[in-house]
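My questions will all concern the structure given below.
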Amino acid sequence: MMSEKILYSYTGIFDTPDEVTHAAEEAVKQGYTKYDVNTPYPLHGMNKAMKLPASKLGYVALIFGLSGTLGALLSLWWVSAIDYPLVIGGKPFFSFPAYIPVIFEVTVLSAAIATVLAMLFFFFKLPNNAHPLHATDYMKKVSNDKYGIVIQAEDPIFDEASVRKFLESVHAKDINAVYWAEEEITHKHKIFEPKFLTFLLVVVILTSGTTYFTLNKLMFMLPFNWMMEQQKQNPQQKSLVFADGFGMRKPVEGTIARGFLPYAFKGQPDLAGEKLINPIPISKESLQLGQTKFDIYCSPCHGYQGEGNSRLRGQYPNPPSLHSEKVRTWSDGRIFAVLTDGQNVMPSYSTQLSVDERWAVINYVRALQRALNAKESDLQ
Amino acid sequence: MISSSVEYRKKELPSKVQTIGLGLLLVGLLIVVLGYLVNPERSAYNNIIGLTFLISIAVGSLFFVTIEFLSGAVWSTPFRRVGEFLSSTVWVLPLLFIPLLLNVNTIFHWTHPAPADKTLIDKAPYLNVNFFIVRVIVFWLIWLLFYYLIIKNSRKQDQTRDQYLTKKNIKLSAIFMPLFALTISFTAIDWLMSIEPHWFSTIFGVYYFSGTILAALAVGAIFIVLLNERGFFVKGIHTDSYYSLGALIFAFTNFWAYIAFSQFLLIWYANLPEETFWFLARWEGNWKFFSVGLIVVHFLVPYIGLLSQPSKMNPKRLIFMSGWILFAHYYDLYWLVMPNFFKDGIPLSWIELGFPLLIAGLMILVFYYQAKKNNLVPIGDPKLKRGIDFRL
Amino acid sequence: MSTIDYTRELSVLEGKHALRELDDLIAKPLETKPDKKFYIALAITLSMTGLFVLGLALTFYYGIGMWGNNIPVAWAFDIVNFVFWVGIGHAGTLISAILFLFRQKWRTGIARFAEGMTVFAVMTAGLFPLIHVGRPWLAGYLFPYPNQHSVWVNFTSPLLWDVFAVSTYLTVSLIFWYVGLIPDLATLRERTNHKIKKVVYSIFSLGWRFSNRHWHHYEMVYLILAGFATPLVLSVHTIVSFDFAVSVIPGWHTTIFPPYFVAGAVFSGFAMVQNVLIMIRKIFNYEHIITVDTLEKMNKIMLLTGSMVGYAYAMEFFIAWYSGVEAERFAFLNRAMGPYAWAYWIMVTCNVVSPQLFWFKKIRRTIPVMFVIAIFVNIGMWLERFVIIVTSLSRDFLPSSWAYYKPTLVDGMILIGSFGFFFTWILLFTKALPVVSMAEVKAVVDGAQPSHKEH
């Protein structure tokens, strides 16, 4: 145990704001640097008396405000124009005027929070309830109606006698020495204290328990589940209404789906090749549609170029190349028959591709064939 | 402390000011007259811009004077005469609106609506030539009356130092407030909005008001800072007073942006054809660049220029930004008026120069003669001493 | 009234005060046990809050079918209450931030209390959008976070702007309030001998030491916060007005809505502050801190904002006629002469006519009269939102769907309950924290600042 007290500072008290301002000016003249003035409220002109440089906190606000602006702008742009573009109210994906409110709010929020946190924790190094000035008579007075000056022992020109003399010379009252309290110096806060660890453990158990209960139990209880438990027929569910017990019903006999056209050449590919004519003229749009659909449905087996280089690594038989003499000389209608009916191990694609899409795929296949078997004349 | 302890010795403005004012006025007048001879319609549109610009300065300055009485502000008291002198340009307003009233039929197409244009015929009870002329003259008389009453009391106080006059002016100012709100709004509707009579916007009066205050503050700031730096007011005025002026300009710059953005966003968002066509007209041809330029000129530049605390106190910066804001207000009015005349874009020419020069000359001359006749500082005002001692 | 001497600045406080007395006076409610009246008041507000809880429980259990809302009036009391309470909050920020920037010293006596009111009013308001969705436990989806649906919120929707605006407003108001409280909490920490209180005050005052090296930054931050709070408070009610004005519904889509809503919000907020302050100054003997001069200035602001609101009503009517658009003209005629004409005319009387009485100095300085007028203003401003929302919706573009909206009992319970919720917080606040800022009031006492003599 240490027995000798360590000096923190000398303090003096004043009754009027004029006196303390004068004392601060004198302290600057004496060359003290580690000193401070404590007043129950800010005094006008004190910053000038102490010759304090202008506060830098404005820059904190500016920097964090601007980063808020920029951050909000970039994330809104990324969300609405890149990650999840959605047409809303006929406006462009990136509707800047509509983002200004949110950008503004984020700017204010980040600047306000950052400035206050910076002030409290970086500029003031608060919270600090262990400061030697706390729990002194001096603090009681300056928190109420007196004004005080503190000259710290750390000051390079600190000397007990001269400081005392200085304080007397500016007519300070209650000149006192303030010491560090012992536990403030000796006490060490350990992170691995059992109490703290138990506290952490309790917090962890409580948080995870509540989260689990809320998400997995509570949301399935009344009334939270009222939207899940609705009185309606779900797919694949047994029906109590119909005698056969099927919940999913077939359409009434003879119903025709919208846009459905009967296919007259089932099982007659050659006839289809003779009779069917491609109704879709070659255009940029049709080729692009064809490419999209070809890449989705055909390319896994036929390859992106139609050369029969399957990506299925032998799990399904490789088809022949689409650039063979045979396929190149087939009419569009003949290929249409393959897409519609299937051929050999290739199944029908009539459910995946609409009639127009099939023709578009054929146009695209033609373009592929032309590209891989270019003639001399194409170069001109 | 009583106000009589303020020491003020009247200093004459150099006669150079008169020469400059007269020169600007004559050159401006020459261009205007030539413009009217060469292209009367275009000149008439320019005339509207000039008129509304001068109303901004004259009535805006009067507003500035009354606001000082109402709010009990003291920092502006030593400078109040600047506002008073500038508001005396109310007298010369007829110079600008009489040629327009003679030409109503060429500028406003609501004066002769097409028979099929049901909307315009519907609006005839408000938009007709007689009522229009009555409104213009009545509004002018209202401004003139309050200018006369308030300024008379203020001048009288120089001799009598009677505090009761301040009280009287506070009352007059309070009565002027609602009248000001109405006259300025309807001036905006009449002269600016009704050029495109199918378009409507409830915020339009407030929009013009925000520009009005900015322009009045800016002219005031130029005169105040120029004269104060040369010691024409009293000694002991601190730069903290400049700060108040700069902060007000800054605040109203933001206010203008707020109002302009609100108007744009609501119309853009709702996308109703009866409203959007007005903005679309300002998006044709090179109007597009002019419209984007408005944001830069009227908001971004003054905002950045006056953001920091020291820049609001710096006399040079304050004069530059005030000049800039005057330009911005003229730019704004040009943007409001001219797309109705040049549908596809702006061909700038010398005709546009006439009115700005004319108005600058008028302002300087009026100020010069007022300053010659009167004290530049309201020496009888009870708040004067406090105004000089003003610190943040 | 004696004539005012314009050569001197009016002092904020009445009479001479020693700084010590001010501390004692302000801290008194915190250091004495609450009396019977307090418990009676608390019992009333708590039972009203009970009504609130009951109304909400019914709503959440059975769904929002418990309310009177039905197509075409899909928004009614829920949104009316939301806009009303957000508006109440605006006065606090106006007093603490805007008047601070304008260096109006008379604000010091009322700023703390008004800021507290802002926080509680925004808390109350913030509940209503959640109540309005009917299933508030799903409201987490309103926040843009990368979720399991890989969907983002709609940033072009004004309802989402509301989420940002109201949450920012609440956060910044709380920060502003707390920053102002720190020195006072430190003063209380030094005053108290109570062990638990001392610990609580020590924690929340963060070990504030009244150091001038701190005050120096502190004043800067206060200025910055005021600078941010000012446009923020404008933006909040502006965004609330966008909820209506970006639509194409006649009576909602009007470009003057943003400034008009802000003026209305300040108007109603001042009325509420006025009502509560009149009681507070009486109960706690703060007549010398919250002076009649202060109340008179508040009345002047109410006259100003009330007239601005009146201007907006008139301009809306004029432009509705001037526009020549039939739907616009109908919407406004319907307001004044349709089935909800009663609401419209009560609103005009309360909001536009009654504050005009403040032109008379006598009335501005008579406390009972201003109390009644402030209540009228609150009623009028609540009805204003009702008029805007309900009349515009009840007669939309399709006459076959027109309907007359009537609130249900549950609607009434939630409305009354929200007042109970708000006033419960206010009552607790008056006993838990100083309702007047000690540091700020001490700073404006005569002789509290150095005299500027030459040095």
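Here the chain labels run A, B and C in written order, and each chain numbers its own residues starting at 1.
The definition used in the following text is that contacts are C-beta pairs under 8 Å (C-beta built on N, C-alpha and C of every residue); 3 or more make two chains touch, one makes a residue touch a chain.
Everything numeric in this text was worked out from a predicted model, so none of it was measured.
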item: Chain with minimal offset from the mean of all protein Cα atoms; value: C
item: Chain pair showing more contacts of the two, A-B and B-C; value: B-C
item: Centre-of-Cα separation between chain C and chain A, whole angstrom; value: 32
item: For chain A paired with chain B, centre-to-centre distance based on mean C-alpha positions, whole Å; value: 47
item: Approximate Å spacing (C-alpha centroids) for the pair chain B, chain C; value: 34
item: Junction residues of chain A, two or more chains touched; value: 44, 58, 89, 98
item: For chain B, residues that touch 2 or more chains besides their own; value: 265, 269, 271, 391
item: Overlap residues in chain C, where contacts from two or more other chains coincide; value: 231, 238, 242, 452
item: Complex contact set, residues of chain A against chain B; value: 44, 58, 89-90, 97-98, 100
item: In the complex, chain B residues that touch chain C; value: 1-3, 74, 118-120, 122-123, 126, 163-164, 166-167, 174, 177-178, 181-182, 185, 189, 198, 200-206, 247, 254, 258-259, 262-263, 265-267, 269-272, 274, 381-383, 385-386, 391-392
item: Residues of chain A that touch chain C when the two form their complex; value: 17-18, 21-22, 24-25, 36-47, 50, 52, 55, 57-58, 61, 75-76, 79-80, 83-84, 86, 88-89, 91, 95, 98-99, 101-102, 104-106, 108-109, 111-113, 115-116, 119-120, 123-124, 126-131, 133-134, 139-140, 142-145, 219, 222-224, 226-227
item: Chain B residues touching chain A - in the complex, by the definition given at the top; value: 261, 264-265, 268-269, 271, 308-309, 391
item: Footprint of chain A on chain C - complex, ascending; value: 18-20, 23, 60-63, 135, 137, 144, 150-152, 154-158, 160-161, 164-165, 168, 171-172, 175-176, 179, 183, 186-187, 189-191, 202-203, 206-221, 224-225, 228-229, 231-232, 235, 238-239, 242, 438-440, 442-443, 448-453, 455
